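What follows is chain A paired twice: with chain B in the first complex and chain C in the second.
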Partner chain A sequence: MTAESEAIRVQYPWLARLAVVGIGIMAVGCLVAPDRLWPNLLLGAYYVLTLALGGAVFVALTDVSGAGWHVAFRRVPEALARLLPLASLLLAIVLLLGMGRYGWPHDGDHVPGTFRFKELWLTPTFWAARTVGYLVFWMWLARSITARSAAQDQPGSTAETAANVRLSALFLAIYAVTFSLASIDWIMALEPLWFSTMWGVYHFAGMFQSTLAVVILLALAWRQDHGPLAGIFRDDHLHDLGRLLLGFSCFWMYIWFCQYMLIWYSNLPEETSYFITRTHGPWGPVVIASVVLNWLLPFFLLLPKPAKRSAGAMARIAVLVLIGRWVDLYVMIFPATLTATDAQGVVHALPPTFGIWEAATLLGLATATAFCLSRTFLARPPVPRSDPFLREPSLAPCNSGSLP
Partner chain B sequence: MNDRILLATFAHEDDLLAATAAVRAAGHPIVDVFTPYAVHGLDRAMGLRPSRLTWVCFVCGMVGAVGMLVFQHWTAAISWPLNVGGKPWNSLPAHVPVAFEAAVLLAGFGSVFALLWVSRLFPGRQARLVAPRVTDDRFVLAVDASGPGIDRATLERVVGQFDSLAIEEQTPRTGGKASC
Partner chain C sequence: MADPNSSPRPPLVTGDKTIADVTRDICAPLERGPTGLWWGALAVSCSALLLGVVAVGYQIAVGVGTWGLNKTVGWAFDITNFVFWVGIGHAGTLISAVLFLFRQKWRTAVNRSAEAMTLFAVVCAGIFPLIHMGRPWLAFWTLPYPNTRGSLWVNFKSPLLWDVFAISTYLLISAVFWYVGLIPDLATIRDRSGPGWRRRICSVLSLGWNGSARTWHRYETVYMLLAGLATPLVFSVHTIVSMDFATSVIPGWHTTIFPPYFVAGAIFSGLAMVLTLMIVARKVMRLEDYITHSHVDQMCKLMLSMGCIVGLAYGTEFFTAFYSGNGYEQFVFKNRALGPFCWAYWTMVTCNVVIPQLLWFRSVRASLPCVFALAIVVNIGMWFERFVIIVTSLHRDFLPSSWADYAPTSIEIATLLGSFGLFFSCFLIFCRFAPVIAMAEIKGAAHLGKPAAGRREAHRQEHAA
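Entry: the complex of A and B
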């Protein structure tokens, strides 16, 4: 281990200690306030899973498009992708614990006839089998892709590179369908009578935007203080990631608004229920906060070129986007899961809350994820040194700041 | 303006980039650089100031968005209030798509027409090529040699190490601006 890696390793103890504290409080919460903790667990597990999946999608997208610009820091999204087994396990446990909390008619409730297909689709056994299917498929292909990338480090052959292009294409094609269905099964099904055909792409937008923010943060963290990416992750890479973050912030807003506007315009009772709960009353400011954090601030802050090349500015914007992603998922999950029934038997969403359980889950999962990511990243060489695309253009001094 | 211009020709963009940086570091004024395609980093090597086109784009986009929001509000809520499905007169969500499209349209057109205007590009404009092969496979660095302290030999010393193919002297045929 070189002195550079020491700087990273010393971060381990405090990350691990914070994670233990957070997870400890979560464990207490499971016993004391399970109804309050479960939405937090679902949010956290889904957040971490989509980051890991986003890493795999980033690698697969760049593989199939023959991109070379990202190769120097490709091990960062790969580290995310290699977190998939752990994230899948966490989400599977959370879903298993909360199967009874989904609103499907498991008690023989009467549902209106138009929702007959949904009733069949959300049969608990079928739902659980699909969940296992999605997770196993993603883990298998993400593992194949990252393992070939590691095998490629032995110089001499480009066979792994070519194989990864085919694997990535397969992964992306099936991912597009399975992730749409997964977002419906795990999040939309919390309110089983409500539906939106924009849901899958809305979740893809949030997933990719937050993945880009995490890649930016991690690459910057591993660049500073002579870290493993010092001199490798350049301002040009940061600039390109900044452009992508700007683009996907706009994409998220575009999709968010498409979903909102179509439901607002047609004004059908079975579709508006979702937005009436969220945009009217105490949840309104939270919805506005998610729009401000995910689009308004990143859009205006990322427009100037100097901001996209500044480590400090980009790290702050990435943190804004990650908070925005949490708020976005919070707005989706909490009004559907934290509810109260009034005297007339009508179910109402409780107003937004942020207390010890939310804070503890955030702390525990964020630090545990950072801890696992550091270990995963440092377990392999930080740069795919034998990748045929590495020399040009990812490490070449073109477009660089080294010229006067 | 320049009565003497020295043209250094290169076959590779890396040589051109390094030579441009070296000429600039030596303090010789660069008239322009001619390349068959956009060379990354050339703007920085030449010391060009950041493009102002981004501001044109931003202002045009903002004018499009705000202008369209105001216009739709005026037509739908003030001048001739329309009842569409019982929605309020000033229904902001319904006005956003048109405002967005107008922002994109004006930002795009504004940038393109501002570029054409600044570059004096219009139909029928005669191309004045510094060398015919700059549209194909040659890179030409044009250095202003009218001032003191620079002649052919000086320039040769600066760019010679970067595999320059030729250094020629050219007197502009017209008195107009040589840059574009």
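Entry: the complex of A and C
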């Protein structure tokens, strides 16, 4: 074992201990407060799954576009992608346990007319089969891509690089369709009467933004204290990731705003229901917090060039974005799942809560994910040393040495 | 620094050029007299332009009643053409600004001409809403300023007004960006030309460029800032064009995915237009060493990805219409696929989604005739996309008693031809008077004048001996 991996390995015990504590409290919660714990589990499992999937998308996008700037730290998003089987298993269990919590008609009486398609689409068995299908497809393709990347480490195997470009293109094509549908099936269908065509793009935006934040955090963590990426993950890489994070924060805001503005402007009751629940009353400040954390703060903090080259600043901004992602998903999931029926039989969203169950789920899943990621990352050489793009001469831009 | 010739990427400029060769090759078309082919092409496009001018004159004199509109289909050909032309411009801004920020060096081969296309396309687009106003001489009423027309202000809540702002900003920034990029090249032309009008004009336009390190440094800073400013414009312009439709409550128009979907579609059609023109230009102007097969390959891949995004958006709209349970939404989409305008819908799907899938094959991307044909197909498909969105959503109203048909009149078709005439005339004149490739940028991006790998190795061995 090398000294570098030792540096990560010393972090294992406390991560594992925290994970055990968190998961222990979650287990108690499953028995004591299952209604409260399930939305937390859905949020957590979906969060982890989209990070893992985001790692695969990062690798695939850079492969397809012939990028070379990221190769030195590509094992970081690959480690995320290799978490897909575990994340998929977790999400599959949570979804199948909670199927009854989705507000669809389960009694099988055929809805006539225009709702026929929705009824067929949300048939529980079909829904479950699709869920398994999406997850299996992603796992299989992501595994093929990361396995080829590992095989590439043998010198002289350029065939693997070319094969990965083709595989990545296939993965992206399938991912675009399946992830759009998955975000509808798993999250939008929590409120089965509501719909928005932007939904898939919105989820892609959030997924990619948070993945960038995690890649930044992990690469920084594995660089410090003579970690395996010390001397490899350079400030130039951090700078580029910072620019991408700035860009995707803006993209998230763009998509969020377009969806909100178009629904607000047209003011059709079947569409505004989603935002009325979330912007009127106690959920309003949470929505604002989501916008502040996902765009306002990252945008202004990431604008200056020194911030994008500073490990401390970037780590803090990445943490803000990850909190923002949690808040964003919290706003999507909780008002739809934590509800109460009043005396007139009208269903209301409960006000936002943050207690022991939320904290325990956050603690348990975050530490367990960090623990698994460290193990996955260390299992392979930290740098794809035979990649043809690894020793590309220059990270300089087209005609300017002074990009901000 | 590692040997740049060891990069696994294809060279940006082929044919072992030196820096002097670049200047000579790119300035050559400007310095030799216009060819017969150029005059012929200009004659054709000016004839189309003239036809358009006559048609526009007629419809301004007689009125918008010369169009095929009716009380149900109140927007059709003109807005289709408007959206089409705005979209064509988008590849220019994408290539010049977004790909610059992404450090895609291959953009240097096409950015100048793509930016020029942006300007011409936006001018073409502007014609249509201007005519549709009915009294185009009052177009300045769309600008908000304190006036003596009572308390008559523009409607700030209307996306049509946002369009005025978005498109005029876009035109302004694109023009400035294009001009700033041209400055060092204008100085090159100035220095190459003998005394005469060309030298005088270029002297003024190149703003006293002297090629010093300080000049370059300031130039690069300005260029980078403009790229940063232009990047949001790639999104904002077509986003706001899409809001012309999406803020309404018309099924088929009101859908939240419209902004990114329109942006992707605009880039798709813009790339198709860039490919159409550049495949011809590289041949006619003998620029095969600068716009190489690998450049075409990159643009094809971008076009394919944009085509797939557009296809995903079609699918999402269709799926959500059925998922929504809203009968009117469902009707609009059934009507698109099976109604009286189904030919337009299926033309759109075939041209934009089905045929571009051929670009997955390397052999198709490597064949210039195939790519040229595909680019034309995409241009047609993207025109039909706008036609389908606009006309099929309107022609069968909520009230079946209002249902109406729509067919363009000869005046509308002549106006469209005229806009093509304007676009191509501008482009042909641009090719004669400005360098179609950004010489200064290509010299910075490509590794020119350095010994090729083989020669360098021989050199090294000589030294060792």
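Here, the second predicted complex is superposed on the first by the 385 of 404 C-alpha atoms of A that agree within 3 Å, B and C clash if a C-alpha of one lies under 4 Å from a C-alpha of the other, contacts with A are read in each partner's own complex, and residues count from 1 in each chain.
One rule holds in what follows: a contact is a pair of C-beta atoms (placed from the backbone, for glycine too) under 8 Å apart; a residue touches a chain by one contact, two chains touch by 3 or more.
Not measured: the values here are computed from a predicted model.
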{"item": "First, second, both or neither for A:M198, with chain B first and chain C second", "value": "second"}
{"item": "Partner chain(s) touched by A:L303 [first = chain B, second = chain C, both, neither]", "value": "first"}
{"item": "Which superposed partner A:P388 touches (first chain B, second chain C, both, neither)", "value": "second"}
{"item": "First (chain B), second (chain C), both or neither touched by A:Y265", "value": "both"}
{"item": "More chain A residues in contact - chain B or chain C", "value": "C"}
{"item": "Those residues of chain A which chain B touches in one complex and chain C touches in the other", "value": "261, 265, 397-401, 403-404"}
{"item": "Of all residues in chain A, those that touch chain B in their complex", "value": "257, 260-261, 264-265, 267, 303, 305, 397-401, 403-404"}
{"item": "Residue numbers on chain C that touch chain A, as the complex places them", "value": "1-4, 6-9, 100-101, 103-105, 107-108, 220-221, 223-224, 228, 232, 235, 239, 243, 246-249, 254-260, 301, 308-309, 312-313, 315-317, 319-320, 322-327, 330, 360, 440-441, 444-445"}
{"item": "Sites on chain B touched by chain A in the complex", "value": "17, 21, 24-25, 40-41, 44-45, 47, 50, 54, 58, 85, 93-94, 96-97"}
{"item": "Residue ranges of chain A touching chain C (in the complex, touch as defined)", "value": "64, 66, 69, 113-115, 117-118, 121, 169, 173, 176-177, 180-181, 184, 193, 195-198, 200-201, 243, 250, 254-255, 258-259, 261-263, 265-266, 268, 270, 388-389, 391-394, 396-404"}
